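Next come two complexes, and both contain subunit A; in the first it sits with subunit B, in the second with subunit C.
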Partner chain A sequence: MENRPLEYDYTVAKMFMFMAIVLGIVGMTIGVVLALELAFPGVNTILGSGVAEFTNFSRLRPLHTDAVAYGFTLSGIWATWYYVGQRVLKVSLKESSFLMAVAKLHFWLYVLVVAAVVVSLFAGITTSKEYAEFEWPIDIAVVVVWVLWGVSIFGLIGIRREKALYISVWYYIATFLGVAMLYLFNNMEVPTYFVSGGIGAWYHSVSMYAGTNDALVQWWFGHNAVAFVFTVPIIAMIYYFLPKESGQAVYSYKLSLLAFWGLMFVYLWAGGHHLLYSTVPDWMQTMGSIFSVILILPSWGSAINMLLTMKGEWQQVANSPLIKFMVLASTFYMFSTLEGPIQAIKSVNAIAHFTDWIVGHVHDGVLGWVAFMVIAALYHMAPRVFKREIYSKSLMNAQFWIQTLGVVLYFSSMWIAGITQGMMWRAHDEFGNLAYSFIDTVTVLHPYYTIRAVGGLLYLVGMFMWAYNMYKTATAGRAVEEAELKNASPMGA
Partner chain B sequence: MFHWLEKRPFLFAVGVFVTIAFAGLIEILPDFAKASRPVIGTKPYSVLELAGRHVYIKNSCNACHSQLIRPFKAETDRYGHYSLSGEYAYDRPFLWGSKRTGPDLMRVGNYRTTDWHEHHMKNPASVVPGSIMPGYPWMFTNAADIDTAYAEMLTVKNVFNVPYNKPIPTKDGGTVTVKLPDTLDGAKAEALKEAKAVAADMKSKEVKDMVARGEIPEIVALIAYLNSLK
Partner chain C sequence: MDLYTFSAYAYFFLIVFLVVVLYSYIYHLYKNRKSADGIDYEEYAKMALNDDLGDTPVKLKENDKEK
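Take a look at the complex of A and B:
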C-alpha cells in the first residue's frame, strides 16, 4: 500500500460506464426492431398506425446507427479514457479541480446532446448524411463536447508524472484529432434561416458542397469516422487492457510503432472505396481500392501484436471469459479488416455494393470487435472502480458464447444474402434480358433476414446479461483488496 | 526518434495530424471545382420539388433507395442511363445512398406515374406484392414545409449562385427557367400551382380537398420531387 501514493478518481469513468451500458442496450434494441421490420414488415406498425411515423424503418435506422456509434461506443471510449488516462500518465483527476470540472461538464453536455439527437431524429430532422445526420445546432454542441474532451486529454498530459506516452495514449490523441478534422469539414453547412432573413425552420441548413463533391467529403468522413471511432480508440483499449488482464508485456514495441503510424497514414485514403463506379474521378476510386488493401498491413500489425502478447499463456483463453472476449475481439478485427479490403476490390465491389454483405461487414466489425472490446474493458474496470469482484464468471462465460453465436449468425446470413442479391441483380436470361424483377431479389432474402434477426436478438440477450452482471458487481460483489487487482480480474462463480 | 517524440505530446500530436490530413489534401482538393458543373438539361429544383426532397430526407428514403446508377449493363437495363457527375450539380446534400433495400430512384420519373406513387406510398404491397417497404399514410395528412424549401432556394441562390430565374439550356436545344418568387407568399402561390397539377392526377379525396383549401400535403410534394427525377 505504501508504494501506491496515487488514489485515482473514477467518478466520471463510472458515469460513462453507465451510459455505455444503457445506450448499448437502446441502440441494439432498435437494431433488433429494424431487423424484424425487414423480415416481417408488419412490425413497422406494431405500436399502431397512429405512431407508425415514429416506429417505421426509415425513422429508426439513423437512430440505431448513431446510438451504437456515438452512444454506446463513444461512451465506452470515454469510460476507458477516464480510467486508462489517469493510470498510464500516473496522475489522478483529484489533483486538478479544473480537469475534474471539465470531465463532469464533458459528461453532462454529452448527455444533453444525446437527448437532443434522439428528439431530432424521431422528428425526422436530419441532414441525411450517414453518421452525420445532426443539424447545425447539434453539430455546434458536438464540437463543444469534443473540445472538452481535448482539454481533458491534453490537460492530463500536461500534469503527468510518467513522461513517455504509453501506446494507448497515442491512439486516444489520434482519435481526438482525426474526428475533429473529419467532423468539422463534413458538417460545413449554411443555416437557411439566417441567410433567408428568418424564413422556415430555424434548424435547417444546406450543405456547403454539392453532388459528387458532397459525396466525396461525406465518404472521406464516413469511412474515417469508422476509422477513428470504431478502430483507433478500440486499439487504445486493447493495448491497455489485454496486457493488464493477462499480466503479459506487449509482444513488440516496434510492431506497435509500425502499426500506429501505418494506420494513421493509410486509413484516410481508403474512403474512396465507398464510391466505386460512382461519378467521382476514376483515379480516386482506384486509390481507394489500393489503399484499402494496403490497410491490411497496419490492421493486422496491431491484431497480431495483441495475439502474440498471449504467447505462452494461451491457457488463460480457456480459463478466463474476459481474456476470451479480448482475444476474439482481436480475431474479429483481423477478419473484418480482411473482409473490408476484399469488398474494396472493384470487381467484388460491383457485386457487394448496395447489398447486405456491406451491412454484414459493419456488424462483424462492430459486434465482434468494437462491442466485445468495450464489454471486456468495462468488465476489467468494474472490480477496480467498485472495489468488488465481478459478480459471476459463469454468467460472463454464457454471455460470451451467446453473443459469439449471435455475431456468427449475423455476418454469415448477411454475407449469403448480399452475394445472392448482387448476383440476381445482374443475372440475364438467354435473350439478354434481366432475369429477375427487383422484388424477386427482395423476397428471396426473407430467410436470411430472419436468421439475422435471431442473431441480433441473441447478441441483445448477451447485452442484458452484461448489464445484469455489471449491476450485481457494483452492488453485491464480494469486496476485494487492492492486492487482488494486479492482473486477472477477480470473479465470483 | 520515436522515443523522443513520445515524450513530447505537442510535437507528437502535430505529427499525427499531418499524417492523417495528408490524404484528404491530395484526394479531395484537386477535383473539387470540376465535379460540380451541371450537364445540359440539369436544372435546379422548383419550390414544390424541393419541399418534396425534404420529405424524402425527413423519412430517410435514402436509407433504402440509392440515386446512383453504376455503368453496368444490368443497371442501365433496369434503371436507365448511368449517372453523370454534372447531373448532381444542384443536389445539396447528395442522396446516393449506400444500400439498395429497394430499387434505385435516380430516374424514377421516367417510368413511374403520380397515380402509381399515390397507391404505392399508402400501401406498397398493394402495388408490388411481396414488398417489404412500410406504408407512409401520414404523408397524406401532414402539411409540406414550403417555407423552409423557399428559405433554402434563397440561400443556394445567394450563397452558391444557383441559376434560378435564368434560362437554362435543355437537351432539345431550347431553354427552361425555374422560378424563384420574390416573396414567401409568391412562393406559396407557386407551390400551390404546382401542387394542383399533381393533385389533378391523384385519386385521394382528402388530398384533393386539402389542395382545394390551399394546403399542400407532404405526399404531393414528394410525388412532385419523384416525378422530377429523370
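Take a look at the complex of A and C:
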C-alpha cells in the first residue's frame, strides 16, 4: 500500500457520469415526446386511451423538467465535483475513508430519490409547484442528499493541501449554499393528513404560504433554481475544464473573482421578473426588472473571460471538437444572458410572457450552455477516469454539429412562434374586440412546433452518439499513459 | 420626510456604498500583488493547470500532514 503512489479516486465521479448519461437520455426523450405532443396532439394517446393518463402532456412535462434539471444536470454537477474537487484541492478521496463513504452514500441515496420522483410523478402525485413538485417525504430525502454533498465539500476542503480555493470551488460552494437556502424556504409545507387528523393521503401537503406570497417565494426559488443549478455550477465547470483542456490559464483570475461576487449579489434579487404584471407589489416588479438588466454584467464578465482565455489559441477551436463544445457553450451563455434581460424589461415581457419565446429562451440556455458544458466536461474526464483515449473524434465532431443544428432549430422556431403568439393575443379592432381566438394561434404555430420537434430530435440523436462514444471509450479506447493527459484530451480517429 | 423620499435616499446611498465596496475590492486585488508578501491572484489560475497530486501547490496549506 505504502509503495504505490497516491492517486485520485474517481469511483464516485464515474457513478455520477453514468447517471448523467442515462438521465440525460431519459429526460430528453420525454422532451421530444412533449414537443411532438404539442405539434401532433394525437401523440398524447399514442399508447391507447387506456394509459393516456400516463402519456399525456401534463403528466410528462414535470418529468421532463425534473429529469433534465435534477437528474441530468445535477448528476453532471456531482460527477464534476467529485473530479474537480479532488484535483484543485490536491487531495484524494482515498485519504479519508469517511469522506469516501459519505460520497457513496450521497450517490446511492440520490438514486433512491430519483426512483421515488419518477414513480410519484408518473402516478400524478405532485405539489403542483413548478420545479418543486416533490411531496414532503421526498423533500426530506432531498435535504439529506444535499447535506451529504455539503459534508463532502467541506470535508474535502478540510483535508486539502492547496491553501487557496480555486474559483470553481467557490462556485460549487455557492451552488450548495444557494440551493439549500432556497429549497428549504420554498418547500415549507403542511402535511394535510397529520394536521387534519387523518383526512386524505398521508403523503399529501399544501404550501405554508398562500396567494401572492406563495407566488413570490415560488419564483424567488424558481429563478434561483435557474441561477444555482443552470448557471453557477456550470460556471464552476467551465472555469476548470476550458483552461485545463486548452492549457491556457484563465485570462483574468481577478475578473473571475469580481464576476463571482457580482453574480451572487445580483442574482438573488432578479426573481421578480417572473411575476411582472401579476399581483406582487409594483416596486418589487421594477426591482426585478432593474436587477435583471444589471445581471448581464457579471454574466458577461465570466463569459468574456472564457473567450479571452482562448486568445491567440483559436486554432484549438478549429481542431478540437471538445473545445468547440465549450466555446459554443460560453457563447450561448452570453446569448441567453442577453436575451433574458431583454425579456425582463416590462414592455417586452408584456408580449413575451406566457409565450413560446420564453420556452425558446429556456432552451438556448439549457441546450446550448448547460448540456453542452456537461457533455464537454464528461468527455474531458473520460480519458482520465478510464485511462483510455476518447474512442472517436469524428463521432464527437458529428455530434457537435448535429446538436448545434438542433439548438438553432429549437430556439429560432420558438422565437418566431412566441412573438407571433404574443402579437396575435393582443391584436384588437378599433372597438377593442380581440382580433383572434386562441385556436387561430394554434393553427399558425403548428409548423414551428414541428420544427422544434425536429430540432429536439436532432439533439437527442446527439445524446445517443455521446452515450455510445463514452461507452466505447470506457470499454474499447486505446489505453493511454499519464503523460498524455496533461492538457488536450487524447482522441482516436 | 415621507417613506418614499426616505427609501429613495436609502436606495441612492446603498448604491453608492456598493460601488465603493466594489472598487475597494478591485483595489485590494491589485494592491496585494505589489506588497512584499502579497499574492498575485493570477498565480491562482495555475491551480487548474497543475493539478496532479504530485504537483506543487500554488500555496501549501500550513501544518500540512506529510504523506
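As a working rule, the second predicted complex is superposed on the first by the 485 of 493 C-alpha atoms of A that agree within 3 Å, B and C clash if a C-alpha of one lies under 4 Å from a C-alpha of the other, contacts with A are read in each partner's own complex, and residues count from 1 in each chain.
One rule holds for everything that comes next: a contact is a pair of C-beta atoms (placed from the backbone, for glycine too) under 8 Å apart; a residue touches a chain by one contact, two chains touch by 3 or more.
Predicted model only: the values in this text are computed from it and were never measured.
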Room on subunit A for both subunit B and subunit C (clash or fit): fit
Partner chain(s) touched by A:E95 [first = subunit B, second = subunit C, both, neither]: second
Touching partner for A:S252 - first (subunit B), second (subunit C), both, neither: second
Which of subunit B and subunit C A:K472 touches, first, second, both or neither: neither
Subunit B versus subunit C as contact partner of A:T45, first or second or both or neither: first
Broader residue contact with subunit A after superposition on the shared chain, subunit B or subunit C: B
Which of subunit B and subunit C A:W261 touches, first, second, both or neither: both
First, second, both or neither for A:R161, with subunit B first and subunit C second: second
First (subunit B), second (subunit C), both or neither touched by A:K244: second
Which superposed partner A:E7 touches (first subunit B, second subunit C, both, neither): second
Touched partner set for A:R87, first subunit B, second subunit C, both or neither: second
Minimum C-alpha spacing, chains overlaid - subunit B and subunit C, in Å: 6
Footprint overlap on subunit A, where subunit B in one structure and subunit C in the other make contact: 163-164, 257, 261, 265
Contact set on subunit A toward subunit C in their complex: 5-8, 87-88, 90, 92, 95, 160-164, 166-168, 239-240, 243-244, 247, 249-250, 252-254, 257-258, 261-262, 265, 487
Subunit C residues within the subunit A interface of the complex: 18, 22, 25-26, 29-30, 39, 41-49, 51-55, 57-62, 64, 67
Subunit A - residues contacting subunit B, complex: 37-38, 41, 44-45, 49, 52-53, 56-59, 61-62, 124-130, 154, 157, 163-165, 170, 173-174, 177-178, 181, 185, 190, 192-193, 195-197, 199-201, 204, 206-207, 209-218, 220, 257, 261, 264-265, 267-269, 271-272, 274, 277-281, 284, 287, 291, 350, 353-356, 358-359, 425-428, 433-434, 438-439, 442-443
Complex contact set, residues of subunit B against subunit A: 2-3, 6-7, 9, 12-13, 16-17, 19-24, 27-28, 31-32, 35-36, 57-64, 66, 68, 70-75, 77-78, 83-103, 125, 128-138, 145, 147-152, 154-156, 158-160, 184
